[in-house]
Amino acid sequence: MAELDLGEIREFLRGFAADRDWDQFHTPKNLAMALAGEAGELLEIFQWLTPEESSAIAGDPVRARALADELVDILQYVVRLADVAGVDLDAAFWAKFEENARRYPADEVRGSAEKRSG
Amino acid sequence: MAELDLGEIREFLRGFAADRDWDQFHTPKNLAMALAGEAGELLEIFQWLTPEESSAIAGDPVRARALADELVDILQYVVRLADVAGVDLDAAFWAKFEENARRYPADEVRGSAEKRSG
Amino acid sequence: MAELDLGEIREFLRGFAADRDWDQFHTPKNLAMALAGEAGELLEIFQWLTPEESSAIAGDPVRARALADELVDILQYVVRLADVAGVDLDAAFWAKFEENARRYPADEVRGSAEKRSG
Amino acid sequence: MAELDLGEIREFLRGFAADRDWDQFHTPKNLAMALAGEAGELLEIFQWLTPEESSAIAGDPVRARALADELVDILQYVVRLADVAGVDLDAAFWAKFEENARRYPADEVRGSAEKRSG
């Protein structure tokens, strides 16, 4: 069964903002700030954890719930910001996917984090 | 026609990381940092723009393209981080959606940014 | 009278961490995350404000206090991260200051935000 | 010998912005975004490093230089934002320092990252 798709999320968020007359606050600039603010909260979940503790987060219900909440908040701002700014996220995903496949050829970058950057 | 759904994105990213042996770098902690790093790049697009300039970004091809790239990067990290941390993003979306509908009743918060915070 | 200098801040923070046996958590990686997490909280103060409202923040005691708190948190993480990573912040400040003076000659960039980026 | 103090940094940055007519761009909102954008670049330095690699950054001249640059950028935005927003950073530092000493009594929080959060 299909999971939630980007178009469905977009429609829900449009309705949610319209019902509350929030379009006036949802400039791309403000939404970028809100998204990055949520990314900051995401960091706070992990900042003092070891890599191993972070990998075991599913076994910690309080943190796992906080993580799910933050990821949804960020996902919503990604979709909402794309919508108000006129970005076709679906098309952009595929364009980026092809670019990344060219930029990081599996045979050349295997196991290297260095190549990942830049 | 259905747009890209969360499950498809997840599968693509799994294959991409596996082909490159990047799973070793993709701890939740590292992915949270990478996501927030991309959110920082998103801010840089908008930081010196007025709200009006930010709303007109679709008419500026260079910035619009940079925005699309950053949003896709962030979307990918949201989905990848949910996957490696065992978060069901689809279920979390609906849970959060219901919570937000309760928390921000349309009749009470209409037109107020104050109520949006917290 | 001289204001607080970077060396004083560094010494206070060293003592504070040592007294609490927090050095073990204060890796550069963790401190970078903590700093960026505080930067996210800083964004939350301003995200729904107009530029004009943000400029008038001194007249809003609750927000002004929150801003002061976040700025101090960030300042502390800057100084602490420099300390544990072996960065001479004083020397780096002057190096950067000279670089910026060369990179943004007053006569060429006056009044332009474009030149400010990159 | 005294290191750079907050008042000196503030004066340098005032002159730098005035010479370039950048005050118009330096609203608190924009400066908060610029600061958080730099914090995002800071994360990118560390995102794929192990904690141990991050602690050894002084031995990696390229990364150590990038770190110093980012820390100075962030320091400058902290001081500049405090200045344009009317925050007395010196007073706020001492207020926060006393608050933290009360909030995290050395005897109670020793060696615990849990108590550090919140």
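Every chain is named by a letter (A, B, C and D) in the order it is written, and numbering of its residues begins at 1.
Keep this in mind: a contact is a pair of C-beta atoms (placed from the backbone, for glycine too) under 8 Å apart; a residue touches a chain by one contact, two chains touch by 3 or more.
Quick caveat: nothing in here was measured; it's all calculated off a predicted structure.
Over half of the residue-numbered contact pairs of B-C are shared by just one pair in A-D, B-D or C-D, which is A-D.
Chain pair with the larger contact count among A-C and A-B is A-B, by C-beta pairs in contact. Centre-to-centre separation between subunit A and subunit B, using Cα means, comes to 2 Å.
If you average the CA atoms of subunit A and of subunit C, the two centres end up 26 Å from each other.
Shown for subunit A are the residues that touch two or more other chains, namely 25, 29-30, 32-33, 36, 39-40, 43-44, 46, 48, 50-51, 113, 116. Per the touch definition, subunit B reaches subunit C in the complex via residues 29, 32-33, 36, 40, 43-44, 48, 50-51, 113, 116-117. Interface residues of subunit D, counted against subunit B in their complex, comprise 25, 30, 33-34, 36-41, 43-44, 46-48. Listing the residues of subunit A that touch subunit B in their complex gives 2-9, 12, 16, 19-22, 24-25, 27-30, 32-33, 35-36, 39-40, 42-43, 45-46, 49-51, 54-55, 57-58, 64, 67-69, 71-76, 78, 81-82, 84-90, 92-93, 95-97, 100-101, 104, 106, 109-111, 113, 116.
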